[in-house]
Amino acid sequence: MVIKTAAKVEHIVQSELKTNLIGLCPEPEGLIKFQPRICLQKLKELTYRSILSADLFDTEMLRELAKVAAYLQLKKISADKVLNDKIMATAFFEASTRTRLSFESAMLRLGGKTLSVAEAALTGEAKGEKLLDIGQMFNSYADIVVIRHTQQKAIQELSEYLRIPIINGGNGSDEHPTQALADWYALLKWKPDLMLGAASEEQLHLGIVGTPGSMRTVKSFLILALLFRHNISQITIVSEMADPLGVEVQSFCDSSPIPIDIKNDLQEVVGELDVIYMNSIAFLGDGYRTLGSRFKLDKESRLKKGAVVLHPLARKDELDVSLDHTRHNLYFNQADGAVFIRQALLLIVFGRLEQVLPDHLIE
Amino acid sequence: MVIKTAAKVEHIVQSELKTNLIGLCPEPEGLIKFQPRICLQKLKELTYRSILSADLFDTEMLRELAKVAAYLQLKKISADKVLNDKIMATAFFEASTRTRLSFESAMLRLGGKTLSVAEAALTGEAKGEKLLDIGQMFNSYADIVVIRHTQQKAIQELSEYLRIPIINGGNGSDEHPTQALADWYALLKWKPDLMLGAASEEQLHLGIVGTPGSMRTVKSFLILALLFRHNISQITIVSEMADPLGVEVQSFCDSSPIPIDIKNDLQEVVGELDVIYMNSIAFLGDGYRTLGSRFKLDKESRLKKGAVVLHPLARKDELDVSLDHTRHNLYFNQADGAVFIRQALLLIVFGRLEQVLPDHLIE
Amino acid sequence: MVIKTAAKVEHIVQSELKTNLIGLCPEPEGLIKFQPRICLQKLKELTYRSILSADLFDTEMLRELAKVAAYLQLKKISADKVLNDKIMATAFFEASTRTRLSFESAMLRLGGKTLSVAEAALTGEAKGEKLLDIGQMFNSYADIVVIRHTQQKAIQELSEYLRIPIINGGNGSDEHPTQALADWYALLKWKPDLMLGAASEEQLHLGIVGTPGSMRTVKSFLILALLFRHNISQITIVSEMADPLGVEVQSFCDSSPIPIDIKNDLQEVVGELDVIYMNSIAFLGDGYRTLGSRFKLDKESRLKKGAVVLHPLARKDELDVSLDHTRHNLYFNQADGAVFIRQALLLIVFGRLEQVLPDHLIE
């Protein structure tokens, strides 16, 4: 009999439901203050397009996408029926609750339908079914498919015969582009100046804990970070690996407009960082590995005043719960915003934005 | 080629579809005969409230809830679109088909959407995700969450950061409140006099087979049973355990207005019982155990004339199928009613009852 | 960073979305050319009927069903809301993505709701729940249930207490009737003359690779094949088994109006066959077995000009991808059509066809 909890929860629930009451809660208003109108023309570049990599997005695209998400989060546009003739299939060949639910929730909130293959790994493929046959199958069952797979190359194979858009929900050690969109949506709400695309007086020092070469969330986050050369003065990658970038990412970073350095102890630089991107799991192609103790944050960490912490979650012990109730916690806001940025993306990929945006918001 | 079955099934299906054709089939009309009008004021106590324990319900609350379920079962109120802006997440960290489907079906019948995490145990938590992070996640993905977990304390952890209502779908050996509501909905249909809240001429002798201390369905059922002191003269707990109550339930029963005794052989008392609450599985924190042979019922059991048997199902062999076609079988009616009591609960928790109740039914 | 794929996929997606662009793509128009009007009276025989075996269908029924599917595929009837008060439960006690998604997609496209028990094998039954109790459960949770099970007899047990229609989604080595409907829908689109029910000048030689006695898809396909005695001159079963038919199917074939012979090497007859029905997996009650190398097809196989290949998929290596881009490939069209034939079946079983067919299409 857990009546005490009942009472407590009731109290919490009775309180007004903001999208986030814990940690730092920047509101979306800032994103539509400077330029309230949406540039449809720009967003149309994504119509019926597959979202496979973060490098599909430039500054303007990310900005317009974030503004749509802001309107959705602020409920200034009503879009609860706009996709009611569409079906999204979520095909997760690697277990994941958070990403799958975020996409399914986003689709349902837009009136769409969902087909879930949460047990994908247990079925077709296990029976020896070819990925290209699975891709062909989705043509007639769904209008869009969100895929997660342990192998980077899986998406190429799946798209061999596919004629509907795919959204990459994480493919092995390659990318997780929509997570990166959620990450930057949170940062844009935190510093709306980043929306201006001009040099801001305050230059940010970005810290990324992890190995961009083998961790998809980190890699996708880094790709978008390079769009903000006017606002980011330094990117420090903190990793225990000798070569955290790897050949592919290294060549990508060689042309980086932002200086990138590498450290192997978070404590050493934590006091200088304005943004710390944490991550719990290093995907190694066939499993997960927890990062060492030199890469943990808790209330004792000497965080810079005003610094914020991001974490795609789920976290293990690298990010201590003692930080949850501090203003360093931007990760809950980041999690809460993920569903809105995905709603925005779905509206745009299906080319339905015009149906929900009032004229005065269209540029 | 199973054409014979085809013919048979067709025949059955062509027959009029009552909610239950097998066993005893008390109709819901009796529940709204005396007081057809619903006391909204009382039910509003549950608006946005989490349903964690059966002790949230008093006699009046249970009565009004049962009346709403009766109207829904009788289709006297149309509520097929009322929750179309709501999403229910079902997070089952312990496998269960029956409870999950019952909630999802209830939600769908009200026009709501569902997000299913049937494989919860396989994913986030397995990766070491903290329950409080999972709870935080649901804030942005759903409007209500139904949770089943093997651990009693799981719900406290999950609600740490949760700001939407939780419904306890069974937490370890603690409680399963909505099952108890379904149990009593069946009993109220069977004996509408129980609705009067006054002493009935016929006093019931209740038999509970199981250990309230370690079986959640039994515990929740017992909590509600104690509300009917005017109608229940005796509660006999039949268990093979030396101390079937345990400290927590014992202290709860010490203040019981109804005499409670304990027996360790069902056959010994079966002839005296008006209601026999059966249960197949004793949840022991980390697994299930089948009850011994002294606790089984079949057609040979010397059941009292007019006695009814309840069983939350799924049954194993403690309840023989030979009883299915007798008038002792109230368990199928109990199962069929579960979806309506859950529909009623959802309407009330979301505060949407007024939108579907015609004025003449509101008190 | 998989931008190359992104570009490629975008290009494909931007192209007009036909139901099938790969292989042979017969359009559905042919099916409604001769007799555009639907014979409702005939189809009403299936109202509220369970679909357990392919022998429920005669030539006329199959023809009318195919015409409804054709109208749905051509979007000449709008049926996107007609089942919005219905719930379909898919109970798969044997893992399957393809069949389950096909049914769920069909239901969602008609505005219906779905309840998925994809993990059925993991839950109730695993806990020792009786199939008849599971069947009883569905009465109150759903309006129709699609079942797949490893055991032939499972459906009889499940229907013991069931009062809603069941659709057999594959029961052990017995049948898979809706797969056979999808197979023949593709063949009817390929040769609309088959719709006439009269002797066609061109007589077809049908080759079936597999063992009808132990492979459900093959058995159901064969049952429907025997309806086309005016158009099929010969059926050759190609199997490595000494007795591929088994007692039950043998007795069924004894009364076959079409000569049936058996060969044990596909290469031996491949040049004579107009239709080759391939199959990758032999269900042996408790597992799967891949067919030997003498039963494979690839671009080197000396296929007859104009011959078509069918495969229920998922394929393994018996059907080489080198055939995918040839005009022998009817299997992708077969896969794409499956969702429409199932939509047609659902409309008919629920007796809702009249609500979507315009008067001028009703006979």
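As written, the chain order gives the labels A, B and C, with residue 1 at the start of each chain.
Assume a residue touches a chain if its C-beta (ideal position, glycine included) is under 8 Å from a C-beta of that chain, and two chains touch if they have at least 3 such contacts.
Please read these numbers as outputs of a predicted model, since none were measured by experiment.
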Study note, to complete from the structure: Contacts shared by subunit B with subunit C include exactly A
Exercise for review: Have a look at where subunit A meets subunit B and say same if over half of the interface residue numbers show up on both copies, different if under half do.
Suggested key: different
Practice item. For the Cα fit of subunit A against subunit C, please give the angle of the superposing rotation, nearest 5 degrees. Key: 120
Point to revise | Whole-Å gap separating subunit A and subunit B, where each centre is the average of the chain's CA atoms | key: 40
Exercise for review: Please list all residues of subunit C that touch 2 or more other chains.
Suggested key: 116, 118-119
Review point. So in the complex, which bits of subunit A are touching subunit B?
Key: 1-3, 5-6, 8-10, 12-15, 17, 19-22, 80, 95-98, 101-102, 104-105, 108-109, 116, 118-119, 280-281, 288, 313-316, 321, 324, 332, 335-339
Point to revise | subunit B-facing residues of subunit C, complex | key: 48-56, 85, 87, 89, 113, 115-120, 122-124, 126-130, 132-134, 136-137, 139-142, 152, 155-156, 159, 161-166, 168, 171, 174-175, 219, 223, 248, 252
